[in-house]
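Here chain A shows up in two complexes: once beside chain B, once beside chain C.
What follows is the complex of A and B.
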């Protein structure tokens, strides 16, 4: 398995395949800035912070891929994070915390599951393969390597868009996402824990 | 009535996160669903919450929404005649 492309998007910086993308914004404003530069997908503004992060990171990762938006069932979307949907869970809790002002918000409620972001990405890109969000205790390259490698065990998956997607609140987040493919390519980095660790720490 | 329509448009934009829409972009008589603003079923639920929270109107039958949410003008008419706050 190889890594075709990768992106690192945190609340303070962005880089694609190791090349820094200059930006003056940070935190939530950074995601909105990146959206306005490249996208026209108004549903973005209805998403919770985790979905916005996953959406923008995958848009950058996939933007110049050929055959984009062609329906395909061989690509899985697999994210791994620590906080899951905790940021949106907290926002939803605020809408039901006061008994005298008890108005549960349906549009906030629908994002109170971490795997919603995998659906947002799959819908956007017309992917009909596996989608999954794993919650683990901490960022670990070996876990990311194992979880995404396992996805290739089925007969359908030839490619995965996935990796670490973590959003503790609207202003604090990090995404280390990859396009991983089953093909052999001597030029591309190999998909394993050491490469993942190196990309996260250095590129 | 015009004041209520404008107030309602501002509330709809805020609660439905219609980031790039301005009140003047919303036609008083344009359908809110299907075409027009292109709202979805979750937006309809959010409008039901808006009616209760801001105007004290509790819709017991969700099917009422199909009539009430036909347009901002129809919605404002309903609020004017049924509001409790």
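What follows is the complex of A and C.
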């Protein structure tokens, strides 16, 4: 398995395949800035912070892929995080906390599921393959490597868009996402815990 | 092959799989209308533990104030399954997998003093559970909406196939609270009466709480016993259509069914244990997917009338009951069902019927456009 491309998007910086993308904003404003610069997909504004993060990170990762938006069933979307949907959970809780100011909304509630972001990416890119959100206690390169490597046991899956997707609140987040392919390619970095760790720490 | 070595269901209907199975077979349900719990704005119909029951049961295992309700029902269920399996759960070749939709989200509403704030994080809650059993491996949590239970089993199967563990303890659970009930109410997805899966007069779903555990191991084909249950193949597929509405073509469910089915013939399936939440859209979508997959000749049932929608537990407890029903030569009836109006006819029955077939399909779908299917077979049907 190899890494075709990777993206690192945190609340303070962005880089694609190790090349820094210059930007002046940070936190939530960074996501909005990146959206305005590159996208026209108004559904973005309805999304919670986790979905915005996953959407922008995958847009950057996939933007110049050939045959993009052709429906496909061989690509999985697999995210691993620590906080899951906690940012939106906290927002939703505010809408029901006060009996005299009780306004639960389905459009907030739906994002209290961490896997909604995998659905957003699948809808955007017309991916009919596996989508899954995993939660572990902290960022662990070995678990990210295992979960995504194991996904190729599904014979239909030839490629995975996935990795670490973490958003503890609207201003604090990190995405370390990869396109992982089953193919062999001597030029591309190998998909394993050491490469993942190196990319997260250095590039 | 991936073989089940033990299981447990801990629910309002009973604390063992046998108690649960006999209750369901007898048509029982603990679902009722709640108008006083959690000061909800309107009453809701659900299958909940009686207040105090979980703590009383847990007092034999530890200090009930050290754990949340969600953690306690996971531990209560897993304890029995682990004891039945006769494994040492603290061993390094045992891996815990936890399926939950909302875990400890109720801590955002009210947090007892002894429970640390970080327990709302699913990975932290999962560690509390695996550490109860003395297991030092990092527990893996799947939070993939209503299909989490089958997803967690698929993750367990993959880890066993990769030989990362010898035993996989797969726990599925959700504990109900204001957060979840208010959200489903805001969606207008709840029925004020017992839910009626696939019925022409269905009005929505009931919520439920339960925990279920399946322990899997890996065996060579020649070591499989006739009585063993095998998790043959599972698949997760997306509709790529809408985050909260099912696909009109049942795309993801159809694709998941086709992959899980593989070369298996429809005539070998005793039934499809479907999601059958009793919402208008879900049940209609499933009828389309089942028809497209060429499985219209296979009986279909839904167990939501007995338990409500138990979310993270559904994908665990429903296959357990299905396996035990086949051991008993029975296709469980769909409580609440009377007459169907789904566009693609399904073989449904409100009462139990008999079967001599030894395989079944589990089907689930959830928000985020996700769908999952899993084929289970008994050893003598391989």
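Quick note on the criterion: the second predicted complex is superposed on the first by the 203 of 203 C-alpha atoms of A that agree within 3 Å, B and C clash if a C-alpha of one lies under 4 Å from a C-alpha of the other, contacts with A are read in each partner's own complex, and residues count from 1 in each chain.
Basically, a contact is a pair of C-beta atoms (placed from the backbone, for glycine too) under 8 Å apart; a residue touches a chain by one contact, two chains touch by 3 or more.
Because the structure is a prediction, the values reported are computed rather than measured.
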Considering only the touch criterion stated at the top, classify A:196 as touching first (chain B), second (chain C), both, or neither. neither
State whether A:30 touches chain B only (first), chain C only (second), both chains, or neither. neither
First, second, both or neither for A:177, with chain B first and chain C second: neither
Which partner does A:42 contact after superposing on A: first (chain B), second (chain C), both, neither? first
Residue contacts on chain A - larger count, chain B or chain C: C
Give one of first, second, both or neither to describe whether A:106 is in contact with chain B, with chain C, with both, or with none. both
Kindly list the residues of chain A that each of chain B and chain C touches, one partner per complex. 104-106, 110
Of all residues in chain A, those that touch chain C in their complex: 71, 73, 77, 82-86, 89-90, 92-93, 96-97, 99, 102, 104-106, 109-110, 112-116, 118-120, 122-123, 125-138, 140, 143, 146-147, 149-151, 153-154, 156
Sort out for me which residues of chain B touch chain A in the complex. 15-20, 42-43, 45-46, 49, 52-53
Listed in rising order, chain C residues that touch chain A in their complex are 39, 41, 101-102, 105, 108-109, 120-124, 126-127, 138-145, 151, 155, 158-159, 161-162, 164, 178-179, 182-183, 185-187, 235-244, 251-252, 255, 259, 366-370
Chain A residues touching chain B in their complex are 42, 45-46, 103-107, 110
